[in-house]
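What follows is subunit A paired twice: with subunit B in the first complex and subunit C in the second.
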Partner chain A sequence: MPMSILSNAIHALYESPLPTALRESEYAFPVIQTIHVLGVAAMAGTIALVDLNVLGVVLRRQRPARTVADVLPITWIGFALAILSGTALFAAQSEKIWGNTFLQLKFVLLLIAGLNVIVFHTTTRKTIEGWSETVAPPISARASAAASLLLWALVIAAGRYIAYY
Partner chain B sequence: MKVRIGLGIAGAIALALAVPAQAHHSFSAMFDSAKPVRLVGKLTKIEWTNPHSYFYVEVKNSRGELVNWACEGAGPGALSRRGFKKGDIKLGDTLIVDGYLAKSGAKIVDARRVTLPDGRVVNGGTPGDGGPGDPTAAPAGKAG
Partner chain C sequence: MSLEPLFVWLGQTPPGVFLAKSTAAFAATETLHLISLAVLAGTVLIVDLASLRVVFRQAAPAEVARSLNPVLLSALGAIVVSGVLLVAAGPLKYYTNAIFPVKLAALAAAIAVQVGVYWALGRDRQALAKSLAAASLALWFSVIVLGRWLGLI
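Let's look at the complex of A and B:
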């Protein structure tokens, strides 16, 4: 009965002290939601900057390798804020929302977007240093950048729709 | 192509900015403003929770059977600011809830107006949800 093990675990998480305190708080909950938005903005914003640079839309005179090096610390800070606040917000509402279609969709999209990040950093980024300033990046890199833009937009959209389903 | 990417980014940014509203879903996403209802019943369960609070009241239906209804209200912060504290109600209290039925037909109402056991009438609605008389921290008043 793996389903009941999962639902028992979710129940235990939901009823544990910290998630309960957050759920019943007057201020902490909206504060953590705000941190979540700031984290998402920092992470998705800097990722979009790199993607748009690879696609030749912004920072045209700067090579993507330089852009990645410049913004990656902010991407990581945003990721840390988003994952910590997101975990807290999920735990506080877990039993009510774990069956939510858009929450599940968001987790699947996060997984795919995360795999795209891993692919970028294990393959594209290794060759990125050698890219010429005058020749457009390879089609595989541009496809990955376009997919990244789309995936993060969909992650954010799915997250937003949790509350409307 | 570039325009489309630009729009995608603008959309993503707009969505990211809209995230604080996750504290509450809109009224019309769930409830029907054309179906007002008054529930009078004993309080069976309290969920003093973000992003919405829930009060469960046991109401007798037309066949004389007791039915448990969920009444959805604003979160703890908004309710407290209107003078409605968690300690103001306890299980077994009789509440009068004026609200709106769910579009889905589920036994859940949007608790727009809650009459507490001490006679105070509080606005239970979620601030900014666009529902009837959308409140922004309306103060608690005396009934009658």
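Let's look at the complex of A and C:
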């Protein structure tokens, strides 16, 4: 039964030393939540600016290729903070929340948003260098940017709703 | 002068009454607050780090700042409106919260310093812009941390 393997794994994770210590600590949990908010803000904020740049809303004199190169280190730092803190927060509460609809929705949305990032960096970014400053990016790139804005907004929304349902 | 009547009035306004009753609408308002926070933080990071010549080094910081100004102002507007709505849903909780006035003071300082960054960039006072950008980063960081902690006490 795959389901019982998963629930056994979740149980083992929940009872393991680090998640248990985190759950029982008065300060560690809110500190990690704060790191999660900061990481998400740095990551999603810089991704949004790249998307808005590709869509021609901001930084019109700056080519998207340059914007991506410039903000990518910040995006990666934000991503590292968000994924590490998020994993810790999940592990500490795993047995209580792994059945939560919004948590599962968030995982699905993260997967789709992640695929969109991979598509952007494997296809769009290769052609991005050739985009001129006067011609708008191709429709596929703009669609990917719009999808990115929507997906990351939905990831944040799903994350917030976990606490209530 | 006590500000208590203002908080009480805020809680009695139609949006305040509605958000106090509806969990889904309250969570949606929190979501709007967090999305605006992400956009605002990303924009502030870029404007300040460009002023400090850490990112966008081939572009003029004043140009980067000017181009991002509409995004910064939109995100700030959305975060203030959603923030006031969140307070309206439970105003006395905030009125009696020791961290809340500290957060508002840090926010006011962050906005004032950010205006200063724009002012200095506009007049090509690069050294001043750098100092103010560093102060702005520290202040916005405090605002986010205080915002998370005021919900925990």
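Assume the second predicted complex is superposed on the first by the 165 of 165 C-alpha atoms of A that agree within 3 Å, B and C clash if a C-alpha of one lies under 4 Å from a C-alpha of the other, contacts with A are read in each partner's own complex, and residues count from 1 in each chain.
What we mean here is this: a residue touches a chain if its C-beta (ideal position, glycine included) is under 8 Å from a C-beta of that chain, and two chains touch if they have at least 3 such contacts.
If you're wondering where the values come from, they're calculated on a predicted model, not measured in any experiment.
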Touching partner for A:V54 - first (subunit B), second (subunit C), both, neither: neither
Partner chain(s) touched by A:T46 [first = subunit B, second = subunit C, both, neither]: second
Which of subunit B and subunit C A:L150 touches, first, second, both or neither: first
Partner chain(s) touched by A:V37 [first = subunit B, second = subunit C, both, neither]: both
Which of subunit B and subunit C A:I128 touches, first, second, both or neither: neither
Partner chain(s) touched by A:L105 [first = subunit B, second = subunit C, both, neither]: neither
Which superposed partner A:I97 touches (first subunit B, second subunit C, both, neither): neither
Contacts of A:R23 with subunit B and subunit C, given as first, second, both or neither: first
Contacts of A:I74 with subunit B and subunit C, given as first, second, both or neither: second
Those residues of subunit A which subunit B touches in one complex and subunit C touches in the other: 30, 33-34, 37, 40-41, 44-45, 48, 52, 57, 152-153, 156-157, 160, 163-164
In the complex with subunit A, residue positions of subunit C that touch it: 23-24, 27-28, 30-31, 34-35, 37-43, 45-46, 49, 55-56, 58-59, 63-64, 67-68, 70-71, 141, 144-145, 148-149, 152
Footprint of subunit A on subunit B - complex, ascending: 2, 5-6, 8-9, 11-13, 15-26, 29, 48-51, 75-77, 80, 86
Partner subunit B, residues of subunit A touching it in the complex: 22-27, 29-30, 33-34, 36-37, 40-41, 44-45, 48, 52, 55, 57, 92-93, 146, 149-150, 152-153, 156-157, 159-160, 162-164
Complex contacts: residues of subunit A adjacent to subunit C: 30, 33-34, 37-38, 40-49, 52, 57-62, 66, 70-71, 73-74, 152-153, 156-157, 160-161, 163-164
